[in-house]
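Next up, some structures in structure tokens.
Two complexes are shown next, each including chain A; its partner changes from chain B in the first to chain C in the second.
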Partner chain A sequence: MQVFNAFLKVLKKRSLSAMIYIAVFLGIAIPMASSSNATEAMKLTSLDICVFDEDGTDASRELISLLAENNKIVTLENDRDVMTDALYYEWIDYALIIDKGYAEKLAAGETNDLFRSYHMHDSYSVVYVTNLLSEYTSTVKAFMTSGNSFSDALSKTADALSTDTEVTMKSFSSGGGLKDIVGFYYRYLPYILVSVILGTLCPVIVTMNSRDLRFRTSCSSIRSASYTMQLFLGSAIFVFAVLALFTVVGIVLNGGINGDMLLAVANSIIFSLVVTALTVFVSGFEIGPNIQALITQIASLGMSFLCGVFVPQSMLGGGVLAAARFLPMYWYTVLNDMLMGDTRFDAGKAALCLAVEAAFAVMLVVLTVLVRRQSSGKNAPRQKKAEPAAA
Partner chain B sequence: MENTVVKIENLVKRYGELIALDHFSLEIKEGEIFGLLGPNGSGKTTTINCLLSLLSYDKGNIELFGKKMTPVSYDIKKDIGVIMQNVAVLNELTVYENIDYFCGLYISDKALRKKYVEEAVEFAGLGDFVKFYPKKLSGGLLRRLNIACGIAHKPKLIILDEPTVAVDPQSRNRILEGIEELNRAGATVIYTSHYMEEVEQLCTRIAIMDKGRKIAEGTKEELKRMIRNTETVTIEIIELPEEVRAQIASLPHVYSAEHDGERLVICCSGGKHNLIRILDVLQSRDLGFGRVYTELPTLNDVFLEITGKALRDKED
Partner chain C sequence: MFLHIFKYELLSSLRVKDLIIWLMIFPIALGTFFKIAFGNVYARNTEFSAIPAAVVGAENDPAFRNVCDSVSEGDEALLKVTYTDEKTALEMLERGDVEGIFYAGDEVMLTVAGSGLGQTILKSFADRYSVSAAIIKDALMNDPASAPAVIAAISEDVSSCREIPLTEGNTDNMVQYFYNLIAMVAMYGAVTGLHVSAGNQANMSPLGARRSCAPARKSVSIAASFLGSCIIQGLCMVLCVSFVAFALGVDFGSRLPLVYAAALLGGCMGVSIGFFVGALNMPESAKTGVVMSFSMLMCFFSGLMVGNMKALISAKAPWLNMINPAAVVSDSIYCLNIYSDYRRFIVKMISMVIITLVFVALGLILTRRKKYASL
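Then we have the complex of A and B:
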């Protein structure tokens, strides 16, 4: 197992970039997964509001009660400087001064200059409170216009604006299938698989198969088949280890294995075979490290952009998708989108996706064999093995 | 009787229309340091590649250690060490790991391999560099590592293909001494080069190749006896009347006397006291001259006379 051991040593020296890719990917995926529960419930944002009620009427207190339903009312000394400091240091988000005469003006149907508001930032929440105040006065006026007394109008407005809007969280989960975060994890996985497998394995295979090394090895007593087999074994172990790591993390993120998870794993396994076949194909050419890196970037980034990894397929143009069909990552993404619930799940289509990916792997293997045969024919003086002819 | 280690009979290798080896035959005995000398493109490397079964050939027969050599002759290959012109090591492994790796392709016993690797490290003078990576080594040390990787398994036949190309003189001497040491330890050596001085210094027998053919073979003394030139006399002289040059050219055993305005170069074939006769002519005409020196023929002279061209003129 001398070649296998050397392969692993070379791999170890070349695995820094792979480790960075894996660490960054998992470093993003795991925290996202742990914080993903926050998206399962919706909570109205609450502001710290300070109200200076200079009117001191039932109407003004009614308004304060409404604000208090979803916000925290903070009490401050009624001093302009104190309020300004509180806003500046963000002890409060919003300050409201209900001017004297508020109730009278509101009862008279006025909606302007009833109060003054102060805030430091135009956040969504601040705009929401401002709109709420505006809506409140308009609604009171509307109720009075429709014949309600001022007190009735206040009470009906309070009821109307206290009604919570029903919020439904949109879930991409396919009903008992992959969690959202796992879906996204598997969506970005092909980019990482291409970067890690192609970017790491290709330089190692190119090194081990460099002409001078193979020459020296061919002169030794090790059988050519044994050499190739040991390289294959080393490559297989690397791919398996990478895949196993990502699969275990995927299962942990998903909280277990279910049907969709199994399909996602199968999808990633077959896609890894495609990437491995692509790696073997590329490493058949005697290319330098810069070209290897370039090919890795083109394959990983190019396919990811074209096939819907970085931008969902639903947002890609028809022309792009038509071209992407000729790339294995497209079929991976189609299946993953089904598992995420972005598109309707169709078992037949899922099987087709896996079959097309497998076909890409087979095609690359056949292509590798053909290119190597062609190459060995062209380089016969240096590479063709001897077939001693009869004298 | 010495055993025949390498036997090549009527080897023919064609690359399309080009005949790389033209009925090439060779026999190398055990314990020899055999030199294959020839310009680039003469067929030296093709011969080595055919010998190692890395190349097919169109006609002929190759036997190593009395057995027919084929690509699957692993029992023969285990006794061969190959050191090629291009350094073939793994840059990701240290010096020690590299030697261990290549030794391990032949020797599976770990304890024996460790002993062999340590001996190879000592042989190549790499003791201080075992933990270095090849990229940190100088050109000369890298060549020595290349050699250590090729000989660590203690092969009976060592093939060195231009191992000293682009090596500094100090490392070159060390490499040549190392080859002699390996030979003394019992290895048969095939050494290809277009550096005739190395071949002349090292090899017990030499074959000169050109255009895929063996044009001469023998010890260096035998080769030098094949040519007319036995001595070249060079005299630094600026003014030389034509009649004096002609008189020198007509002296017994002198077959050529050329004057280029600074030096008179006289080629002699056999005879004794040639230098005295030439100097007598110059002194009788009262002609002043500077340094005088004589040279015995080199392998380059042999090659020049046999092929009509200098050995190094054809470097690619």
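Then we have the complex of A and C:
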């Protein structure tokens, strides 16, 4: 097992970056996963609203308390730069100024230009709050028109606006058995699998396949099949160890194994096979460490951005998704989205995703064999032509 | 001698593969990925467009239909309504073609398939309709004489809020990822800067040993190397900004030349950081590790990986944004885009100059007057 031992020695030297990736991923993913209780039940979106009450009357305070019922009132300095930063970076959703004379004007039946708002985006939040303010003022005016005093109109408006339309939440998904935290964990897993497996195994296999080492091994008594088998064993143990670690953490986060969890694990196993096949394919080329690192970064980040790992597939354009279909991470993400309940679960589609991923692995293996055969044909020592027989 | 060292610094830097890969190819690839991933997010998530909704049973409730029609007209329509039967409406909801289904009738009801601002606005619309209908009904029953005035008041086109525009720049906040990409390339200038120290210290490289024996003052040699590295780094910065601005079409506002200026100064700042780290007494590989880790950590805090990181830092430790070199670079470009005046931009540029001078001074202190007993 000399080759296997040498493989492990090289792997040990190269494993630091893998450990950093794994530690950072687990260190970031687990706390983020714990706080990612995605909004699945129908509830009103709560906005962060900053209110500057320049009027300071009971009427303005009543409006602020109405806004505070479903939203969070944030206190910030009334400074143009602070507001610009806060609205641009969306620390707050809306910045409202209740103008001086608001109560007086509203009591007189005026509904225009009672407020000002700092404006950054033509966003949903702006439309929502602007409509709410218009609704509030026109309702107050309507109550006053029907004979109520200003204070009665304010309290009646507050009562009226607490009216709740009956809302039914329709669920079309029969999947979604994965906990949010586990779905989140498995969503980011392919990025880390590519970074760890490709980023660690590729330099090791390239080192083992380097010209000098290969020639030295070829001179030894070891058989070629045994050499390949030992390399394969070393790679398999590494991939299995990485996968086992992530699977155990996934099962712990899920609190046990259920059907969806099994599918998620199967998805990650098949995807790991694809990444391993990709690693072996890339290692077949004699490339330097910088190019290896570049390929790792481009493969991991590129597929993650294109296939909906970092940004959900629903946010990506049709053209991007059409191109992403030719990448294995796309199919991984499609299945994971079904398991998370983001899209409707379909057993046939789930099987298709796994099959397509497996097909990618097979295709990469075939490509590797073809490339190796061709390169070994080129590198084989040429046989001397037979000397022509002397006449 | 200055020109000689300067010329060969330029030539040797251009032949370093690390530089081509990490300062030219990698930012181009990462920028392309950002564009693919974030290109539609602002338009889809933040910018308002009429919310698609289905209405079932509108034929039995003409009043509701009229209201729906009125809010679906014009450039600033609130809803995009489809009148249909329940089966089709549910299919549309499942496909995501509509965000909710209104059931018209005595009481308007709403069915949705998720939560979000779109659904919240639909509910708010239904609430408003129910409130208005109740007020009008009440007026008709109790005081028919005042009913027309009440109807007029409730249906009045109100414009209670006047907007104060804050900027004329590009308000797409996904662009901050590109600002941070430029900051990352500037920080990678530290890798270029490492060569300045290594190439001028006899105990760090054969080149340093040769230069130490040469009849040239160390200050001249370091100045030539530093300038050469800054020019190479500047080329990388110009390439990065040009690619983002012209190939990816990212809108930096109307002051693009100043974006180049900020990027160039940021690149010099990165080189100065590398110059300082390179002068520290530690192995070459450790220096590269320190420089890369420091760069990525600073980029993480300025929001390269997590968009709202800067907001978090601003709330918990605002001083960090002032001294974080990556945040200073990205902030300078942000200020150019968003603010009409140059006040904050100038502050950021001065910060970059100060950081550069501090690291150059520290580097010089560490490299000057070195004597070697043996090499």
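The rule is simple: the second predicted complex is superposed on the first by the 236 of 391 C-alpha atoms of A that agree within 3 Å, B and C clash if a C-alpha of one lies under 4 Å from a C-alpha of the other, contacts with A are read in each partner's own complex, and residues count from 1 in each chain.
Operating definition for what follows: contacts are C-beta pairs under 8 Å (C-beta built on N, C-alpha and C of every residue); 3 or more make two chains touch, one makes a residue touch a chain.
Note that this is a predicted model, so its numbers are computed, not measured.
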- Contacts of A:T139 with chain B and chain C, given as first, second, both or neither: second
- Check the residue A:S221 against both partner chains and state whether it touches chain B (first), chain C (second), both, or neither. first
- Query: First (chain B), second (chain C), both or neither: which does A:S65 touch?
  - Reply: neither
- Query: Which of the two partners, first being chain B and second being chain C, lies in contact with A:Q374: first, second, both, or neither?
  - Reply: neither
- Based on the superposed arrangement, let me know which partner A:D113 touches: chain B (first), chain C (second), both, or neither? second
- Task: Look at A:S149 in the shared chain and tell me whether it touches chain B only, chain C only, both, or neither; answer first, second, both or neither.
- Result: neither
- Should A:A160 be classified as contacting the first partner (chain B), the second (chain C), both, or neither? second
- Item | Partner touching more residues of chain A, whether chain B or chain C | C
- For A:K13, select first, second, both or neither according to whether it touches chain B, chain C, the two together, or no partner. first
- chain A residues touched by both chain B and chain C? none
- Within their complex, chain B touches chain A through residues 9-10, 15, 20, 46, 49-50, 52-62, 68-72, 74-75, 77-78, 80, 82, 84, 86-88, 90-93, 97, 101-102, 104-106, 149-150
- Mind pulling up the chain C residues that touch chain A in the complex? 17-18, 21-22, 25-26, 29-30, 33-34, 36-41, 44-48, 78, 90, 93-94, 96, 107-121, 123-128, 130-132, 134-135, 138-139, 142-143, 146, 149-150, 152-154, 156, 158-167, 171, 173, 176, 308, 310-311, 314-315, 334, 338-339, 344
- Of chain A, residues touching chain C in the complex: 39-45, 80-81, 83-85, 87-91, 96-97, 111-128, 130-135, 137-139, 141-147, 160-161, 163-172, 288, 290-291, 293-294, 297-298, 301-302, 305-306, 310-311, 314-317, 320, 344
- Item | Contacting residues of chain A [partner chain B, same complex] | 2-3, 5-6, 9-10, 13-14, 207-208, 210, 212-213, 215-223, 380-382, 384-389, 391
